[in-house]
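Residue numbering begins at 1 within each chain, and the chains themselves are lettered A, B, C and D in the order written.
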Amino acid sequence: MTTNEKLTGDFGLSLYRGMVTIRAFEERVRSLSAAGQVPGLTHLYSGQEAVAVGVSSALQPDDAITSHHRGHGHCLASGADPVRLMAEILGRTAGYGLGRGGSMHILDPATRNLGTNGIVGGGVPLATGAALTAKTLHASWLAVAFFGDGAMNQGIVFECMNMAALWKLPVLYVCENNHYGEFTRIDDVTAGTLAGRAAVFGIPVAEIDGMDVLAVHAAAQDAVARAREGQGPSLLVCDTWRFSGHHAGDKQSYKDDAEAKNWAAKCPIETLGRRLVANKLADADSLSALRKTIEADIAAVAEQARAMPEPASASLEDHLHG
Amino acid sequence: MTTNEKLTGDFGLSLYRGMVTIRAFEERVRSLSAAGQVPGLTHLYSGQEAVAVGVSSALQPDDAITSHHRGHGHCLASGADPVRLMAEILGRTAGYGLGRGGSMHILDPATRNLGTNGIVGGGVPLATGAALTAKTLHASWLAVAFFGDGAMNQGIVFECMNMAALWKLPVLYVCENNHYGEFTRIDDVTAGTLAGRAAVFGIPVAEIDGMDVLAVHAAAQDAVARAREGQGPSLLVCDTWRFSGHHAGDKQSYKDDAEAKNWAAKCPIETLGRRLVANKLADADSLSALRKTIEADIAAVAEQARAMPEPASASLEDHLHG
Amino acid sequence: MAERQVTFKDAVLEALAEEMRADPSVVLIGEDIGAAGGVFLQTKGLFEEFGASRVIDTPISESAIVGMAIGAAMTGLRPVVEIMFGDFITLGMDQLVNQAAKVRYMSAGGFTVPLVLRTAIGVGGNLGPQHSQSLHAWVAHVPGLKVVMPSNAADAKGLMKAAIRDGDPVVFFESRSSYNTKGPVSDGEHVVPIGKAAVTREGRNVSIVAVGAMVGVALQVAERLAGEDISVEVVDVRSLVPLDEGTILKSVKKTSRALVLDAGYAQFGVTGEIAALIAEQAFDWLDAPVMRLAAPNVPIPFSRTLEPLVIPSRDQAAAKVRELMGTR
Amino acid sequence: MAERQVTFKDAVLEALAEEMRADPSVVLIGEDIGAAGGVFLQTKGLFEEFGASRVIDTPISESAIVGMAIGAAMTGLRPVVEIMFGDFITLGMDQLVNQAAKVRYMSAGGFTVPLVLRTAIGVGGNLGPQHSQSLHAWVAHVPGLKVVMPSNAADAKGLMKAAIRDGDPVVFFESRSSYNTKGPVSDGEHVVPIGKAAVTREGRNVSIVAVGAMVGVALQVAERLAGEDISVEVVDVRSLVPLDEGTILKSVKKTSRALVLDAGYAQFGVTGEIAALIAEQAFDWLDAPVMRLAAPNVPIPFSRTLEPLVIPSRDQAAAKVRELMGTR
């Protein structure tokens, strides 16, 4: 076990439940999308669940997060209501943004979610600014920015990390390296390392197996502890993989089949499941039953959201100004 | 001697002449400015001469440069006509931009100078793009970007260095660390090191005494050789000092007197002069005579430029479009 | 010359390929435009034909992409930069405005910036508030840039060719909603000069002065209103900068009534400039106030029910024209 | 209430200090604004009074400064960001437009962005093409932002206080040329509501609708033309967004003639929107075409002889007014 904390059944199962929920949700979005039910483009988190769940399980409820275009997992792991999330993705009035934002714009003050984001790198300054608030107001919460490997080439990310390091802001940067930005391989567009991009500012970096939720959790706990003690920012670089490509419907012809198979074998849910069984914290049947239950719940969520009304014309200008 | 090349009298004197020309020019601009003759704000290069001259002496005539707001030195070292330069600074029609650009906007195709620049960091993408041209057209020239320590926190500079490293572009980044950006000390705004900011992309970095023209020249030669061989970008970090503060007229009350004195003692011109004398490549009297001659020449330049006409109203829209 | 039916997107692609074949200094720079062929397949086949050194796939670094392209343009290349969505030109505005637009002026013609920045704009497909904006008014505001916005395949091809050959930075706006619309494109060399509007349909009663994809709406409205005995003339602005004031004013002086139609945000946008121009220069000819129709002043909503509301519609435009005819 | 003569710059400084004293969540963020007191001494004394945690000196990283301020505003601070020169808002446009302007809308009011972005704009002092621009038209184009542009010390103070207390992102444009102009400012609490224009001088024949520093020009023209028996009414727009259409239209309906005056670039700028508004909504009242005067469409030149030519002048404005009176 990679964490110094003891893996208990309760904790292990909560992580398992968190990841399965995301997977079930995303697979449901995928089938809705294939059926033409999801307006626009949506980017699925399947395969990367260990990152959102591993980090979120190290956070307190008032910690703030920012996310990116591949953000449903972060929302769910932070406690989003699956119905409101699904409703927003489907453009329904019950959604977090009354259906006006969609998948790339899920903001929720209740779960301190400053938003998924359609601008690559766009959430990083928001989280860094939230951390500035925490520091200025001597609050005990911290901020987490989730972003992809592609965002690590946006200049603003460097600018933020410089200031976070200078001012020892309580912010945790979580880079999910899924080896691609859209259809382009990371090595083709990224000189040097991802870790080096924070290390240059004196920010501690942990490079971890992003398919191992316990490893992610352990690294996040360390980073969170440092931030709460006033020691400033950290970066986690999590090695992971997009199971469904860039967006729901991406045929992924640009990917190498052997590599994809290799990553499929590392499924974070299967991995944790095996470990729970090996540690006698759960048996395979109960896990499979749990999975079925969650899938059924999410299917119900989707039906509920689909049945909800779409926004009326009159709402077009609501909440433009205060 | 810090360079593996032999210091000859001719070479040493040409460096000396180059630096003295810049100093004389800048001190003339300073007195014109004090007399209210220089429109706008102007930023003087006095103290930093070893950088422009050390680098330029390692270049070929068709190598391109970009500069920044403190750019007269780079222009002169690249072969700018002092009269046209002074004319532009004074806003005369004989200036490089017909008097419409001024000190922060000196562009000259003849000396392959893509411009001094009023946007901190603004010249860095221009030089990087020029290097892209060189590489694409298989040209033998390279591009040099001069910029300050303050520019090293602009995100675009990181973005450029990433691409330059990826594509092995023939570009030389020259950061002049004069320890201040306007009235703010580098350490107050810069986490980590300047060198690290390029090293992270795998770009070779030399940290050098920017008051030692021979050291700068030697480091530039190495970097230029690498670029011409297709090995890509380099960064020189040159430790230096603005003798006259941020802009002509800056009273510099924010500076520590002892530190300023210490730097004054490192004057690059005096340092090279002493070395030339010690190596019996020149005698003190001839150097002092040379200096006087150059000062007189520059005084004449200033008079010539001052006597030139200012732009007529009719020229307002010239060269807006092709 | 023979004509073929070509989509807007393929017309641009033809222009790119032809100019790249003719001039080795033309290069493409952008995200995912290489082997992937672009997210809209708008550069399909070019990587295969011209290779990685001329179809340059970049990191996600819009500011530097634009900035480097300017440096490249100043030193001998003719870069065509792609910004994937028009919403992201926000990231390149400093380079475009503070560098590209001013280089020729500041260097008294010593340096030029023969750069094309192309970007996909507009509403459609429920991509939400950060992937649907049409910010062409910004670029048109800044002296030193040229700005074109074709409405059909032939102009898309002809204006792209002109833009690539131009010595100034040209921003080329492509309405996503036009990408798959077909139109006749002549075989062989076809160049449309920048700075010339086109009268796309002649009429007597009202001029609709339309920009980009709104020209299609204008033509449909004209057709519909012909049945109501209202004769609508349609002026396709084509170039915002330089703006062909003469063609616009000539049309309005003939019809005495004008509606200006644009898909960008209404407030402080493109319709203001054109309506103000007409109201000042054709005042004595006007029989009714110059009216405007543009997108409402809200972020562009994602939902299927709301998104269409921010696209100026045929119904809205027809109602305005009727109002122009009816009021006095 | 007693009144004092205060410079525009000090009036803003007073507003900042008062709001910072009243509300510990107000912080300033910018370059050289701390111990140095700002390059124009526009934050002088605030660092001493409020310390480094509330007067935050930053690296030269405009994009991140704006972006971080948005995150800070979403979570409990009221940041006042300074962008040293208005030309540099180009570097923060993505954050301003794609994030700040849309957060309230996208979160259905769940999050707000009580942010003020202040920046010094305009021509004067020969700072050249990259340190003289007035790009307020851009910001006014984007729904979700509020935009104010005070013309005098009292409004500068009152609008800054209103901006800081506002729940929306407000962009506050300060004309450098006004910084040292004195005007009466009342002691004690003085707040000017955002979204209200002011009739600064009453008149009967022509309305000059002016923005920011151009209000001063308008008042001088009014004074001069009074001697020629032309009675000019001056409307100070004060807020571009929301735009007080009622006050503008009321004035023009009274005078029947209008000149719109702004110091930004003319093309696709602020005058277009306001002139088009008047031309459409007050058409029946107009005795002459709505005229416009703004900066010529060129980069702003450095030279002492040329720079003044890009500032709309009293002579030019007076000539336009005479033309409005004379032509019909």
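Quick note on the criterion: a contact is a pair of C-beta atoms (placed from the backbone, for glycine too) under 8 Å apart; a residue touches a chain by one contact, two chains touch by 3 or more.
What you see is a predicted model; the values in this text were computed from it and never measured.
Hopping across touching chains, the smallest step count from chain A to chain B is 1. With every chain reduced to the mean of its CA atoms, the largest distance from chain B is reached by A.
Contact tally for A-D versus A-C: the pair with more C-beta pairs in contact is A-D. Chain geometry summary: the mean Cα position of chain A and that of chain D are 41 Å apart.
Chain D has its Cα centroid 37 Å from the Cα centroid of chain B.
Centre-to-centre separation of chain C and chain D, using mean CA positions: 30 Å.
In chain C, the residues that touch at least two other chains are 58-59, 61, 63-64, 87-88, 94, 98, 102, 105-106, 129-130, 143-144, 297-299.
Shared interface positions of chain A, i.e. residues touching 2 or more other chains, are given as 97, 100-101, 105, 117-119, 122, 153-156, 159, 162-163, 166, 188-190, 320.
Because contacts link each chain to all the remaining chains, their graph is best described as complete. Residues of chain B that touch chain D in their complex: 39-41, 91-92, 97, 99-105, 117-122, 150-151, 153-155, 181-184, 188-190, 254, 310-313, 315-317, 320. Those residues of chain D that touch chain C in the complex are listed here as 63, 87-88, 90-91, 93-94, 97-98, 101-102, 105-106, 129-130, 133, 135, 137-138, 140-144, 240-241, 243, 264-265, 267-277, 279-281, 283, 286, 288-292, 297-299. Against chain A, the residues of chain B that register as touching in their complex are 153-159, 161-163, 165-166, 188-193, 196-197, 199-203.
Only residues 25, 27, 53-54, 56, 58-59, 61, 63-64, 66-77, 79, 94-95, 98-99, 102-112, 143-144, 146, 166-168, 242 of chain C touch chain B when the two sit together in their complex.
Contacts from chain C toward chain A in the complex involve residues 31-32, 34-36, 39, 57-61, 63-64, 87-88, 125-131, 296-299, 301-307, 309-310.
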